[in-house]
Amino acid sequence: MVGLADNEVLRAFASYATIVLSKMMLMSTATAFFRVTRKAFANPEDAASLGKGENPKKFIRTDEAVERVRRAHLNDLENVVPFLGIGLLYALSGPDLASALLHFRLFVGARLYHTVAYLAPLPQPNRGLAFFVGYGVTLSMAYRLLRDHLYL
Amino acid sequence: MVGLADNEVLRAFASYATIVLSKMMLMSTATAFFRVTRKAFANPEDAASLGKGENPKKFIRTDEAVERVRRAHLNDLENVVPFLGIGLLYALSGPDLASALLHFRLFVGARLYHTVAYLAPLPQPNRGLAFFVGYGVTLSMAYRLLRDHLYL
Amino acid sequence: MVGLADNEVLRAFASYATIVLSKMMLMSTATAFFRVTRKAFANPEDAASLGKGENPKKFIRTDEAVERVRRAHLNDLENVVPFLGIGLLYALSGPDLASALLHFRLFVGARLYHTVAYLAPLPQPNRGLAFFVGYGVTLSMAYRLLRDHLYL
């Protein structure tokens, strides 16, 4: 049986993937926070529950702070899913530990910076660069995986 | 070679993950169903194909029933992806079977209830509670994984 | 330790999953390309950086070419995530190599065709058929996994 304990690269991947997925989950909480504080809901039942004493219909609206967090969340999803799939398979392909750690650290660092740059917001190209570092790291793992283990 | 047959926790994870992913896939079918029955399409080529005999342009519109299913689908994606990544790595970390089963069952039950609460729709806090149970279960697996196997 | 080298089905899954995830990542680049060439941004800081010399506010808008790529990207995410989860667990369940290859090839082929049909765009039912082939392949893997390895 494979265990995380037997495989340092897989164990490192588990730590970095868990951190970046937990960060992504925080975006749900941030969306809920802005929806409640800005009173900007998508569903009538939410407005009815959280906009009491007033006409709840008027709280079914979009708010720029909510939409910004939602865009950051969707961008996370679009980039963390490839990292999760390609990174796990790369970790199982027996790469050099130092090289794997470099990939995982750069990706997680870039995505943390991407979130800060999106939510602050920082002027471009801060967010753009963070995006492309994460993107490049994932493509680098994909390239190594296909170069060494292609089986079609 | 690791096989599902050798590892009960991984086998249990495979069953629960497959069930919750299949449920998520049903949301695509539900969206298509509402798009066709409500005649509310996003693409001109869909309206042209499914709104025959009339001016298809008028069927390019949003419909609240379609948008509700799409929000439920996106919420699934945002929550099932962390469960998939963290849950698989947690299953590979050699947890106690009873504790793992409790996590998997609570998550899948909470997400099934979340879908019912979203589509019915049930008044809040039904959907909110379902969301937080699934969220808490995933964070609990993340915590156990990092506590026992952190490798940065 | 399990390695990709020891398991042909897992190695094949790694290749096909990496290809379909890399294709999905291209959608981010396509979105950025259309946002820049059409000057249609979602964030003020992007419009300020890329719409220089003019009033950047007027470039915060939606554009049909951008929205089409974004819909194709989200549809990819909704379908590639179940393939990634169910496909990996199916690959670990020890299926027949020929049968596994058939599933992986059909899925990846269908998703490549789906993207072409979405972006061209081709008239329906081209995109619809591509969607249902990928969907059916994933459900077929889910069925085989649950039939042979159900553990609740």
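In order of appearance the chains are A, B and C, and numbering begins at 1 in each one.
Operating definition for what follows: contacts are C-beta pairs under 8 Å (C-beta built on N, C-alpha and C of every residue); 3 or more make two chains touch, one makes a residue touch a chain.
This one's a predicted model, so the numbers in the text were calculated from it and none came from an experiment.
Undergrad: Same or different: do the copies chain B and chain C touch each other through matching residue numbers, with over half of them shared?
TA: different
Undergrad: If chain A and chain B share one sequence, what is the angle of the rotation that overlays their CA atoms, in steps of 5 degrees?
TA: So the copies are related by a turn of 120 degrees.
Undergrad: What is the distance, in whole Å, between the centres of chain B and chain C, each centre taken as the mean of its C-alpha atoms?
TA: That pair's centroid distance is 17 Å.
Undergrad: Give me the residues of chain B that touch two or more other chains.
TA: Each of 2, 74, 77, 81, 84, 88 in chain B touches at least two other chains.
Undergrad: Write out the stretch or stretches of chain B touching chain C in their complex.
TA: 1-5, 8, 10-19, 21-22, 24-25, 27-28, 42-46, 48-50, 73-74, 77, 80-81, 84, 88
Undergrad: Quick one: in the complex, what on chain B touches chain A?
TA: 2, 6-7, 68, 71, 74, 77-79, 81-82, 84-86, 88-89, 92-94, 121-125, 127, 131, 135, 138-139, 142, 145-146, 149-152
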